[in-house]
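Shared between the two complexes below is chain A, which has chain B as its partner in the first and chain C in the second.
Let's look at the complex of A and B:
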């Protein structure tokens, strides 16, 4: 039986259906499509000092951005740091995901809840937790001093942001990896072991290749989230860590230069597009 | 069937990594009972002074009530708007349906920092900045995609035989919808509502662009507080927030099982 046949008759002329879709369509149009198109337009508008814009077409924002070493470094730093954070997140998440994939029953449910629960906790709360851990004279710095090593400064610089963001992105990576681990049949591993492969060889030649799609998905997700992360760099960077997302906020709220903020936002979307392109290129390779 | 014998080094590694993952969330509980004036762990002595300070902080309390009513309004509206939309999109075949579905869930793909700025610029000209209506509308932009997705999954896995039987026995379309489809959809509605509530209650980046001295939400107030000073007050607020989140999760768990709701 076709889906259409199970529907009441008046639906087939579509009027009711359109009415039921209208509210969500309106919110989508006014709250999403219009603002994003407007953002693209603003990146070609001129800013007035102290806020407001002049409605003239100009390439000045883009030209200024691409010729200013500060912004070039900002983009380069954001991309590079996000890549490093993504790789670190992958390394610390992979063992957890593999362990979760292999565990069963209520133990698995319990651990999955543990992985998801930080995801449902506000980024502000988790960043605050990291500030308490990494602050000077906090538990980590004290422990390092106690072993006789020189005390590192972990707060208000990129190190703290790195440690905090890696943890904040871990649940996303673990869930993406687990989604991709479906292809990992334990019998295949066992076959490799029975045929005499060492554990490390089994991992490199059997487990890792089979889990590559999950790895690619997790890395895409975490990279995108890292580039656009704002709360953690702002709170843990202490105004000394300059990244794309924090700069967008400062330009929008502090400097009130909306055209520049818009231009930076479109730049973030271009970086996203590049990441997505790289991801699909990797997937094509894997097939 | 136990094929894998997890080795002890692997177990220790996983334990350490879990400790890293959960450290900041777990830490706020002991920290919230600190007696110290400044952020210090472990605290030199214990007290409930920061809970008292929190409940004496009128700005925080006001922000909490704003967040709670905002999340409640946003959740109710999300369900009322998304249930019919999800119903149409799963039960009716029409040209461009997948395209429309992707468009409706697209706001989730946009980074909140970009979406926040985009909404700020448009809302400024509508006079919606720092208003409750503006916050409700902006939150709906991000909660509706979640609601639509969860409800669409629930609806498309629902057995149509019951609807069919009711119709064959002469029930009117609206009767079928309210007496058969919606009751069967209850677990999905509960999961979608819980998700919308948590997303709205926790939303901070977009909200930061839209709030001001006149109206502010709890996450934004906490953000501003941490930005300006570091003392255990936020730990007390965080501990309470985590307990509230756990409460919402338990509701979902009761309704349909957490695994089904979040890990598909």
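Let's look at the complex of A and C:
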């Protein structure tokens, strides 16, 4: 405080804030904005066989992408599957988050650590864990067979990706939900109950509307993470599940077609932009 | 106020008990509230008053006992079927609904049609003079306004009982006085049976028909404000309701009361042994003041040790032997000045000398 008081007067009129923000703004500009602009530029360049980039302006990448049904389906699939995974994650995480929000003391601490602990292991390790669980002769399939039901194929297809990603995203969803549960006051729920609301109507009319900010935040976060995840779809999809992120990886690392990979990346950014827009639209309506 | 000669019982708590593990929070509570009356649960925090209120609402489950409303046992009835209006200390308005929708909530839960719900909510808001704020969100209202919305929301469903949990404790002093009058007026107009939880004796005495003084899950006394104040059943009640002087004393085998180093007269009779003698500060008079013709059954000599002028009254600290007695006198222009160190004679009547067995507490 005393340091601020001795500063020249003109420093306090917002210039101090600018000075303090400058380093992070610079880092962001160099580390994020510049590469993204670079990516945008590549998407208008021409690729050469063997990974070269010809520095000429062309619409070919975009035109090719938007006219090829494979890529359109890729975008559609990625968005649709990510939305479905996000929704599933929400449904399975919500009760856990609500329970956590309502628990107290050391029990709550213990449960929170339990929820966060998967984040201490990398997604690669967890994905291999799921592969071990879900493979054709793994415990889950064996158990289903033992009951006498037809053995499902849970691995190296979209089902495996679905299960794996849902579990991997759950900690993020739970944390985001809990962060958004601030408006949930137990007294307000009690007020609804005394006014004649059954538990289910209390949930629909009071709890759910009050937790919508958390739901919106969690869904945005998990959708973005689902669209951009590629390790889990890559490993659990067994090369048979084609999504935007895995395709970008293939184009950039396998085919070495950087301009196409860049074009797809920009497309993902546009999808994220749309998700952000939807999120802020929801928040505006809530207030 | 519809109080007939034989008031009808509306709410009965029968042997209500609450235990957490081995701890008996409320050992056994019996209480009967008449139709149309407003009863205060008064006591220090932790006395079980809020727990009891929440048991009536169904928000807490008693370990044993029965709650009977209008002749019907509602002990096992879920909260939403109890037909109770509750006003919470924190108001607990729905932050995502505007004022009108807040008030309509209970009606919607009762499947009242939209049109009628709107009309009834409108009338309820009129009653609390908030019609002009019907479309505001709760966070845009002041504390007092939120409180009135909470009251309208609880009353609009015409519940069989209105429960108020420390409804005034979050308001500033001036607003508290206004709301006290308004809540009481609304309760009397609607003739609703109400239970009011408070730790503030002024609220309890000024608003309610009867007061339940609670302590450690027990009812210490259940009576009208006058009874509780003038004839406290226990030393605890005398101490908690209004201020009081406390003297250690004893009653000899001959039945004579002695305290403050001399014999005192009291209207109450207590078995011989150690006793507590309680006298309210404003019932004690400095003797020999000009124009003071009041007779005193008890006269005690002392020395003024402190003096505080509080405008409409003067507070004296008077040392009597080992005891310090507080005396409050209304300020009068012609009063003889008394200063610190002066010798005075304190006088009070036998009726104002409250004697309770024990002396431990």
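By our rule, the second predicted complex is superposed on the first by the 257 of 287 C-alpha atoms of A that agree within 3 Å, B and C clash if a C-alpha of one lies under 4 Å from a C-alpha of the other, contacts with A are read in each partner's own complex, and residues count from 1 in each chain.
Following the convention adopted for this analysis, contacts are C-beta pairs under 8 Å (C-beta built on N, C-alpha and C of every residue); 3 or more make two chains touch, one makes a residue touch a chain.
Since the model is a prediction, treat every value here as computed from it, not as a measurement.
**Student:** Touching A:201, do we find chain B (first), chain C (second), both, or neither?
**Tutor:** A:201 contacts chain C only, not chain B.
**Student:** Considering only touches as defined above, state whether A:209 meets chain B (first), chain C (second), both or neither.
**Tutor:** Touch status of A:209: second partner only.
**Student:** Which partner, once the models are overlaid, touches more of chain A's residues, chain C or chain B?
**Tutor:** On the superposition, B touches more of the residues of chain A.
**Student:** Classify the contacts of A:190 with the two partner chains as first (chain B alone), second (chain C alone), both, or neither.
**Tutor:** Both partners, chain B and chain C.
**Student:** One more residue to check, A:35. First (chain B), second (chain C), both or neither?
**Tutor:** first
**Student:** I'd like to know which partner A:127 touches here: chain B for first, chain C for second, both or neither.
**Tutor:** First partner only.
**Student:** Please indicate which partner A:156 is in contact with in the superposed arrangement: first for chain B, second for chain C, both, or neither.
**Tutor:** neither
**Student:** Where on chain A do the contacts with chain B and the contacts with chain C coincide?
**Tutor:** Comparing the two interfaces on chain A, one with chain B and one with chain C, the shared residues are 187, 190.
**Student:** Applying the document's contact rule, which stretches of chain A touch chain C when the two form their complex?
**Tutor:** 183, 185, 187-188, 190-199, 201, 205-206, 209-210, 286
**Student:** Please output the residues of chain A touching chain B within their complex, sorted ascending.
**Tutor:** 1-4, 6-8, 10-11, 14, 17, 20-21, 23-25, 27-28, 30-36, 38-39, 42, 92-93, 95-96, 99, 102, 109, 111-118, 120-133, 135, 137-139, 164, 167, 170-171, 175, 178, 186-187, 189-190, 224, 227-228, 230-231, 234-235, 245, 248-249, 252-253, 258, 261-262, 265, 268-269, 272
**Student:** Hey, which residues of chain C end up touching chain A in the complex?
**Tutor:** Within the complex, chain C touches chain A at residues 57-59, 78-86, 88, 90, 92-96, 105-106, 109-110, 153-154, 157, 163.
**Student:** Which chain B residues qualify as touching chain A in the complex?
**Tutor:** 3-4, 6, 10-11, 13-14, 17-18, 20-25, 27-28, 31, 39-42, 81-82, 84-85, 87-89, 91-94, 100, 103-104, 106-107, 110-115, 117-122, 137-138, 140-141, 144, 148, 160, 163-164, 167, 173, 176, 198, 202, 204-205, 208-209, 219, 222-223, 226-227, 230, 234-235, 238, 241-242, 245-246, 249, 258-259, 262-263
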